[in-house]
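Here come two complexes built around subunit A, the first alongside subunit B, the second alongside subunit C.
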Partner chain A sequence: MTTPHPDQSPVAPILAVEDLCIAFVSRDGIVRAVDGVSWQLRPAEMLGIVGESGCGKSVTAMSVLKLLPGPPAMYSSGSIRFRGEELLTASEARMRQLRGNAISMIFQDPMTSLNPVLTIGEQIAEVLILHQNLSKRAAWNRAGEMLDLVGIPDPRQRLRDYPHQFSGGMRQRAMISLALACNPAVLIADEPTTALDVTIQAQIMELLARLRREMGTAIVLITHDLGVVAECCDRVVVMYAGNKVEEADVSALFSRPCHPYTRGLLAAMPGLDVAADAGHRRLAEIPGMLPSLKQAAVGCRFAPRCAAAQERCHGTIPELAPVAREAPDHLAACFRAGEAYRGELA
Partner chain B sequence: MNYLLKRILAVIPVLAVVAVIVFLLLHLAPGDPAVIIGGDTASAEDIERIRQTLGLNRPLPEQFFHWVGQVVQGNLGTSVFTGMPVAEMIMQRVEPTLWISALTMLFAVTFAVPMGILAAWKAGTWFDRAISGLAVASFSLPVFVIGYALVYGFSTHLGWFPVQGFKSLSDGFGPFIRHLALPVISGGLIYMALLARMTRSTMLEVLGEDYIRTARAKGLSTPRLLLRHALKNAAVPIVTTIGLGIAMLLSGVIVTESVFAIPGIGRLTVDSILRRDYPVIQGIVLVTATAYVVINLVTDLLYGLFDPRIRY
Partner chain C sequence: MNRPAITALPTTTPPLLDVRNLVKHYPTRTFWRDSPPVKAVDGVSFSLAEGETLGLVGESGCGKSTAAKTLLRLIEPTSGEIFFAGTDIAKLSPHSFRPYRREMQIVFQDPYASLNPRMRARDIVAEPLRNFGWDNRHGGERVADLFHRVGLNPDALRKYPHEFSGGQRQRLGIARALALNPKLIVCDEPVSALDVSIQAQVINLLEDLQADLGLSYIFVAHDLAVVRHISHRVAVMYLGRIVEIGTAGAIYGDPKHPYTRALLSAVPKIGTNRRSERILLKGDLPSPANPPSGCTFRTRCQQARPECAERSPQLTDNGAQHLVSCHFA
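Here is the complex of A and B:
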């Protein structure tokens, strides 16, 4: 009774994104790629950010390390705080201290994300020398341990290999060992499995889950693969057209999706039950396309594609709010989220 | 190692073709070689004597193999005009040319590579545009225009540099470098422009690659990012351009040496052509072509040093 359950104690978030707005300025207008998005990452948590291509999830991820080239990228408002420290106004020198050290990132395409003319060992040792002041020899040894940790056989030998001598899955393992070399508090994984074979995908996700357990790294997993989210994440943020449209614990989101877009995404997910139906059922799809983000929204961004849209959806922007009193942590930006939660929506 | 050997062996047929062409130079020129060598004033006996001494009356293949045999031993024949061995004449003239070539390339690379890197890093800014403008200007001005303009300004008016001539390094470093400064700058600007533009475009391409984003996500400083991660990836096209530049220089020095009256290979070439001194022309072409082949070989071998994906 005296020790509170860890889930109930308020844990300070390690990374807090608040009302983030990112715009890209081009000759034919301003594109609001991310429009007022907030989320929090708690220590050792795995947060999934899902959405279709172009919804702003990668831009959000890149913005945490301020890797977006500006111009054209502009951080028009909001805040990104890492352990309470504001990053949007932090100097470039301070950002360099954090990058690869306290906050790391892995990218979608492991085939092109490693430098082809440097050995794997040089690339891993480099961050250790830079951030941890290790000697060349110590960094090299540590790099070998990292390769071992991510499950690359014969690691001492493989340190001397170049990326082209590694397979796709091994390269992503090497990327992960590079990102985790300095034992960062936060790892941002931007579509880490998208470019890989399905069997390799599962291995990489298992590896990330294991490393999270062993090293206590909090992970932001950016993906459009809901299956991966269901398996690994604690909480999920669903993004659509630069907005956060729903956020919930992973079990709540999958059992009771409340935003029509989330429901559409889940329906579009091929599952084993589809196979059981002997393939007669056509995969559901969400009709229409992402709207242009050049104009300011007057109503719900999703309304033109939404089957449940009503008149008010086109004229008023729905606020993000808890879907029900008994589910304060389940947020959705939809007028009919409550109906969906209670199962009243078809 | 196997690749190395193959690459070196592949040079042999190229050199053989060069040898055939150089040999035929004399025989493809219109008219009887003996008459050409003898010149307008030679009598019939003179021509017959030339034919005898040079073996021009023997069958062509026999002449060729005899000639190749001599060349391999370092005997490039005798100048018709001075009566000196061609090899000796070339050796006498080789020093200024080598210095001009080496310093011209050093000058071009020293300025062009940093300029290209910075222009790529600052792409789209006034600095980038200034570099591009400078490159286009250097590109469009012929060596003799730049050369004479520099001489007019720095030699005639300011008197900082001698107008022309060459001083060997053994005469002291000061006179040596003062005589070479203007030829090197006027000849080197075009290579600097070429190389700066090449470096800029290659670096620009590399800087857009995913692994550069990875390097930034690692927290690397800009100089390290540019030099260690980007430049090494851009090295192959840059080295190719440097190699091509050196090869182009072999003919480029002819103009530079003429403008600045430097007694090098370039001058010797011009003089020999004007005198129709065929053995000397043959010798120069042979030496130049060989140098060209060797430079290409070295460039090829350097690729592997910069890019591990190029297998040996």
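Here is the complex of A and C:
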């Protein structure tokens, strides 16, 4: 897939990851955690990256801000461009300017990513003083406004609280206000609601959607929850074992999933809207488990678990390609994706 | 696989488990003064028939796990009665309770934390057998049998827990729970730590075991879709109390309690655009040490009226064994 140059394309991507390969060096070999992944994020877009544990989705996210310590992490090839600027070769000083300022990140567990010995206000103000040269007083006032923006009641008072005095949902709100304090162009949210209850998850996702509308922040949402993706994202990238296996608009992906892995995931999910008198449906299993990422792939990584696998799947790696001529934006890395698209695959 | 729907309890035989007014309060004290206790479980009653699955759902801190563990007396109840096959096991001495332990087992959420990392898989599964006096030869056969039963390879017998994947570890935990042929298994968030594709394998295994062995399950989970799938009946908990209980079809198809409705509407759904219908609950769960007066849900309820603060609603039957605790349901 070629990336159009930012200046030529009408909707230039704000963040473009191209052919990214990340490996971890360990004593028993090299683990290819991310193996040639490309995606683009357009301004004010919400892109979902989904997959199960170990598929490389979090590693991809961490690599954008170069948060992976190397060694053991090794960027063997590829490029990450933010507004046309290459980040993989950027200096650490430049990265520090970008982190928390132009590109922000929120993590799964807000308790471990907030500093327990500083008040919430001090932590938000620190970002503003560092990146926006605000005075202490101005930064403190702005921090209060940020807490108000994310819907924390009595924000001026709560600035003086420590993270342990906040509930889980409030901590995640505080994390979001911290990440958005400098009005970043890109927000990377790595499983932001996984540790939260559904009612709080609904509040947080509503908040992210609102902030994106009001501030125009482009969001990369990394999650294993297909339901969250279906409701919030514009486009979805499905990852399996370090590869991107499918990418499509959210409606296309859920109405016509083409990669057998995506189809398997959807079939394995129990549904909520089962009629009371409907017979009991047995969940579809995906047999087996994730392959070891230590060996280089010789065929499709999913082939050993795939019901539709054929002879060629074990020997040749399928290229990512449009599933049909009429759907040029719907990509899948499967020899039989076209059949799946036309509904010919059982 | 079609399971018979259990709608009403058979009246002739007593239920396997009959819990009445179960209470677990944790005393708290600050320096020299006693403060009000944390009401983790505050008067929970339900029954469970043989071969039935009861799902317990609610947000973190609602007391669902505490209630489940109190049933097995892994946590001693503060008060209340737990009738297991007709005997009140809440009052038994530890010695006379011991035989009941083999009838009721538990599968935990984190399969790694609940397996001893220094024991081999076969010893982990054999431990309950040894505790109840099986000799090594019969025990060994039983263990091999159990491994086959839960879909683990015989070569897994000699492995240690760290050599298994998450799904396999949960199979191991299930094998251990099955070892003594229990009648009841409490599953405390058994699939929450697993990926979707592995989760489906474990859920199918639990269903197969129930069909073959006639097990009863108490299935504690926060994932509403999983509970919908596996349960015959579902109890929704809020701040230590059951606010609604009924058949899975009734709870999910026709929820009566405002909390159940809010909970169900908060679940992200694929394929339907329901964003407009979502009921967003305001704020967080109140502290169980200092719950609101009257109806404990009134602080987050959109239908709350003044009288909700004064009178505490009781679980009342609206017909067809669908019980709701709300003044306006």
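Annotations for the structure displayed:
The rule is simple: the second predicted complex is superposed on the first by the 329 of 346 C-alpha atoms of A that agree within 3 Å, B and C clash if a C-alpha of one lies under 4 Å from a C-alpha of the other, contacts with A are read in each partner's own complex, and residues count from 1 in each chain.
Rule of thumb we're sticking to: contacts are C-beta pairs under 8 Å (C-beta built on N, C-alpha and C of every residue); 3 or more make two chains touch, one makes a residue touch a chain.
Note that the structure is predicted; figures quoted are calculated from it, not measured.
Superposition note: with subunit A as the common reference, subunit B and subunit C can be accommodated side by side. Residue contacts after overlaying the shared chain place A:A139 against neither subunit B nor subunit C. When the two complexes are overlaid on their common chain A, residue A:T199 makes contact with subunit C while staying clear of subunit B.
When the two complexes are overlaid on their common chain A, residue A:A61 makes contact with neither subunit B nor subunit C. In the superposed model, A:P270 lies in contact with subunit C only, and not with subunit B. Of the two partner chains, neither subunit B nor subunit C is touched by A:L320. Applying the stated contact rule after C-alpha superposition, one finds that A:V228 touches subunit C and leaves subunit B untouched. Between subunit B and subunit C, more residues of subunit A are touched by C. In the superposed pair of complexes, A:L41 makes contact with neither subunit B nor subunit C. Applying the stated contact rule after C-alpha superposition, one finds that A:I286 touches subunit C and leaves subunit B untouched. Superposition on the common chain A brings subunit B within a closest Cα-Cα distance of 8 Å of subunit C.
Comparing which residues of subunit A touch subunit B with which touch subunit C, the overlap is empty. Interface residues of subunit B facing subunit A in the complex, by the touch rule stated above, are 209-211, 213-221, 228-229, 232-233, 235, 306-309.
If you check the complex, the residues on subunit C that touch subunit A are 1-3, 59-60, 165-167, 195-201, 203-204, 207, 222, 224-226, 228-230, 247-250, 252-253, 262-272, 275, 278, 280-281, 283-285. Chain contact summary for the complex, subunit A toward subunit C: residues 52-53, 153, 167-170, 197-203, 205-206, 224-228, 230-232, 254-255, 264-266, 268-277, 279-280, 282-287, 289. Considering their complex, residues 65, 67, 95-101, 104-105, 107, 109, 112-119, 126-127, 130-131, 162, 164, 175, 178 of subunit A touch subunit B.
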